[in-house]
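The same chain A turns up in both complexes below, where it pairs with chain B and then with chain C.
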Partner chain A sequence: MSQTLTVRRGPALRLTLGLTILAALILTRIVSPPTGEAGMADAARDFVTLSISVVIESLPFVFLGIMLSIVVQTWLPEGYLLRRLPRNPVARRVVLSLLGMLLPVCECGNVPLARGLMARGLTVAESMTFLFAAPILNPVTIMTTYQAFGWDDGILVSRILGGFLIANLVGWIYSRHPRPESLLTPRFQDTCALGDHHGQPTGKMRRSAVLFTQETSAMLPALFVGAGIAGLIQVGVSREVLVAMGGNPVWSVLALMVLAFVIAICSNVDAFFILSFGGTFMPGAIVAFLVFGPMIDVKMLALLRTTFTAKTLLQVTLVIGLCSAALGLAVNFLV
Partner chain B sequence: MNQWQGVLLSLVGIISTVWLGITGQLGLYIHPRYFVFTIIMAVIAAVLVVVAFAVVPRPSDEEAILDTGGRRGRWLWSAGSVLIIVAAVVTLLVLPPSTLTSATVKQRDLNGSASTLTQAEASGLIGGDYAAFTVRDWSSLLRQGAGEDFFADKTATVTGFVTPDKSDPENVFFVARFFVSCCAVDAQPIGIPVYYPGWQDEFKTDSWVTISSGFKMNPSAISDEQIVLVPDAITPTERPAEPYVY
Partner chain C sequence: MRLFSGTVAILAVVVGALTAANFTQGPRLTSAELNLEGAVARSGQRLLLQTNQPLVSVDEKQVTVEPKTDVTATVADSAITIQFTGILRYNTTYTVKVRGVQGTSQDATSTLEHSFTTPDSDIYSLQRDVRVDDAGLKRSDTIRRTTILGRGSGEAVFSAPRIQEYGVLADALAVVTIGEDETSSLEIVSLSGAAQVPVPLPTEGTVKRLRTAASENLIAYTFTSSPTAPGPKYRDTPFVYDLAAGSGLPTEVAGLDGRPMSVVDLDFIPGTTSLVVQAEDENVFLLDALKEGKKGTLTPLGQHSEIRGFIPGTKELVVADPTQGATIDLTDGTVTVLDLAESVLSDTAYPGQLVLLDGQGRYARQFDQESTDTTEMISAITVTDDNGSKIVYQTPSESSRVRNFCVSPNGQFLAAEIFSTDGKSDSYPNLPATTGLTIVLIDLETGASNRSISGFLPGWCR
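On to the complex of A and B.
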């Protein structure tokens, strides 16, 4: 019976079902109250508003990343990107850490793109280098950081060099791992294996649609859960406490790293946000915010968890956190 | 269900985004500089969703079981998927869109350095068109300590929501707005203190008001604010189409 149903469920029926769901969701929005408080307490309303804000802000970048991932996996000739990379592993990672200059997608979109690159043969260490460097080493981020800070206090230079060095350090560390595949979730390992060997639908359009379905199913639940956690932390953690630490060379660095983790703001505009903290916080704290935030935050961890194991993410967070803190302290004491 | 979870969540996000854009409420969540990009990506994604419905085959039972780690895992995964989809539908499509409230003002640094103009920017305001000054302009000048003499002959006409002064909530409130640089997540509250004893009898916290008044030394003995607006009357108003300032 089940087999009979599967056979009968053709494209027309699926499309009809999909359009029916689309109509039902549109109707739900139309008949729901357009304004009002919905009888919720202020804190609950703000939790919802903040969570929705993260979703609406991130969603287009995630879609863009998924589309680029589809282009890399389906529409570019086999090995088109990988063939152009240097053979020397260090040089390869250096080049990959500059790939964001060509694909300025923002950190949320880099995750599906990195998944696509791994499915096409990039190693785990190489993909990490790309993932952590690209949000900082891309033209939009560099331009907005320059607009915000110019050459003041070495913030721009420290951000670019710091992002480059930390991303390559992480890549180098994990390039020494004896079993790099164990850094990936079993689910993503299966995805890569399927991509390599069998089960590929025929036709580029169909394969693109399947990849879109797969990647949205991996990314969006993580984005929605991450947005909920980010909203919850925003409502629960007072920012006044963090700001009170601004004048201390050590605590200011740690406080802005915590803020970067909590606020999960896009790297393309984080310089404008943190610019106004410049009067309160020391330059090293600003640098730590601008380097740590694009690599690790609550939303990014949720997205990265679709691909890497929890243990790997904990290690990466520690390495990047320590390096960012060291960089921030060095700027505070040396500049 | 698991195969279609991402497509369904995409649909929820796309419909919410486009509806907010059509009804002019996208600004409740993100900075206007992202409006065009966000809507364009939503429309492109909508096309991909429709194509996915038309051409993506249903996975076989064996593939679905492998994909989710066995039958028990498949059941748990499906339950989690349904929960996330329902939560997304409720928050994005059922609940009415809303601005941030005074609960967030309490959590963040009202008129902190993060929200007001820098000293140089605030200095540039002096001698400008005071009638066109916003809540952010006035609050920046107050924060930079422009002084009683400067404010003595100035009149501010501003619109914002009502949020109580922490140091003297009985007599002083702030007419406040949120300053946004990227999205509501980074919103920082800014406000101008208003001396108006018994304001709670006339206005609810978070209600919107328009005030036109001169500045005076704060008559309150316990408030931390030195210079305040002392209006004769306050006009209740609707929330503006753009509640945040940029």
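On to the complex of A and C.
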């Protein structure tokens, strides 16, 4: 009963809080001078600009992901997705890694969607496979990568194959975990435990509203924190230092992986961003950037932290980082 | 946990091995770019060797080209630019090697190697036919197209009852034909099957000295109106026709006084829209064909008795005067007086046409001399430079002589028109020829002259 009360009071309170913040932002904008950044130090202005750009870029995809998550959890018939997946675990993960083709959401939008899929019965390993493959193996990302690089230096092929293999490797590793639920945060474990709608309001519309509130209150703070950290690191880390490493086949890979981690750019547009570095950095470094970035970056880690334990994220980051580095180094060596 | 640790260990080993492999590998060639058509048409073309990492500078000593060719080399970021000083040969496989190439961020070096084959060249020729068919009509003249490696005289690309001359454009020919009343028509004949386009002439008259700027789709010619033609009178007035212009009308070139000029010769500067004209009073002018007809657009280049075309691959105009020749570099106006070495046949034969082959005074010259066996005349072409003089071609019999010759755009071949002394004249009012004309290609390096094509007016000379 107390659970029900909490859920019912939460939305009203948060809605009021959200509207108040929005009104405060609008008021600030109205009373600000025409150049709103006047008076700020360069570093502070860069921090604000970079952080806001990450939020603005990610926000539509986060909401799209939340919507899809709600559709999966509330509007799709029970077991609709699970029944259509192959029974063989490997084949099941392969199919899930290609699910992004149907749900072209940026990596930040995949987090709420993956949460929804887990709440609907997907295993942790399967949701991880989807989570890390979908930002790369989706039509928008493939198209923009093709537009940016064509077939040059095998960048597109390396990105697609690399994304697919790494996501399935991570899925395979965690499919062997004896207690997969221990990979999740206790809070998200509770959410999954309530996946049978126990204690939740009846009616699909009301349930959708509650889920929307839950997901936004979990995702948005994480997004803001992640964007803030991304902005902070970008201000702090000299881009010149990264560019200076671009000509070395080894350091260039490392430099662009660090850059991908820091700038936290959306996978749908990252190819155009890194295209401007194409003349400076080696092809393998670009591949590493395009594979590592969509899977792991500061913003993504903040979002993933809503679902997975810190230890799990550390392990996943290590595996994906090593795989991306190996892929980038291999491309630099061979192409 | 064991699986995770094992996976991480394997991945770490792979990353370590790839790191070591990358550190020991020098820069690698990722792509190479060269305009092959341009490389056999113009000097100074650039081969861009793109590598996978930024490079330290490279000098010419590290670069070798087979067959031997002079080059310069520069590095910009991760690309090496090899610039060919001269023009490359047709149908030749070149191998460029750059040794000791080093990246800016590591010590490992490598050798970059790239091979490419230059294209063949189209050769056009005009075959006149003075014979009549069964109906008593004159057989058509034909413009044919072949290549250096091709066989025979090639395919017919245009036929008409009487063709005076033609010029080659990027995807078309400009053709001057002669009507029954001896007046000229000028047409643009597409080489891709599009409709034939007549170039409007100001009135009835004669077109001569057709010149083309193939890359710019421009033609120039002189026009003389017939005495009985209505309208304004023209006498060897230069006209320019821009195929790309919307008006579809040729424009006349005005002299310094703003009135139509009368010229004795004209020529396009290769690869440009600029035209050199020689007026009747021997004054030579430079003008931009796209700004023709406007006062003040003529640049005087001095008075010279003859203009002899351009040194292959350059914008250096060769002019001749009664005492000495000179070259005028039209990029900066520098005049260089020619001090040419004596040819091997200078004392024994009658000198004819002279064609300068490069900027170092190497030239080809035609001589006619008496045969050693008979009293008949034979022709020879010599090539002379500071190192000496040699005969590169001699007509095989007393019954044939060199009528005219020119050098291919890349300076590799001479195209010599050989006529038979017993050939019959076609009695055309302009550019008359005789039957039995052939074009012989002479390789200036080897002296080989194995390729002959029926006809005359080789496209290279147009």
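Quick note on the criterion: the second predicted complex is superposed on the first by the 295 of 335 C-alpha atoms of A that agree within 3 Å, B and C clash if a C-alpha of one lies under 4 Å from a C-alpha of the other, contacts with A are read in each partner's own complex, and residues count from 1 in each chain.
Methods note: a residue touches a chain if its C-beta (ideal position, glycine included) is under 8 Å from a C-beta of that chain, and two chains touch if they have at least 3 such contacts.
Everything numeric in this text was worked out from a predicted model, so none of it was measured.
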item: Touched partner set for A:I56, first chain B, second chain C, both or neither; value: first
item: Touching partner for A:L322 - first (chain B), second (chain C), both, neither; value: second
item: Contacts of A:P77 with chain B and chain C, given as first, second, both or neither; value: neither
item: Touched partner set for A:D153, first chain B, second chain C, both or neither; value: second
item: Chain B or chain C, by number of chain A residues touched; value: B
item: Touching partner for A:R45 - first (chain B), second (chain C), both, neither; value: first
item: On chain A, positions contacted by chain B and by chain C; value: 279-280
item: Partner chain A, residues of chain C touching it in the complex; value: 3-4, 7-8, 11-12, 14-15, 18-19, 21-23, 25, 30, 52-54, 77-78, 103-106
item: Complex contact set, residues of chain A against chain C; value: 153, 169, 173, 176, 245-252, 279-280, 282-283, 315, 318-319, 322-323, 325-326, 329-330, 332-333, 335
item: List of chain B residues in touch with chain A within their complex; value: 2-13, 15-17, 19-20, 23, 26, 28-31, 34, 37-38, 40-42, 44-45, 48-58, 60-61, 63, 66-67, 69, 80-81, 84, 87-89, 91-104, 106-109, 112-116, 118-119, 181-186, 188, 206
item: Residues of chain A touching chain B in the complex; value: 2, 6, 9, 11, 14-15, 17-19, 21-22, 25-26, 28-29, 32-38, 40-43, 45-46, 48-57, 59-61, 63-64, 67, 186-187, 190, 199, 201, 205-206, 208-210, 212-221, 224-225, 228, 230, 234-235, 237-240, 243, 263-266, 269-270, 272-273, 276-280
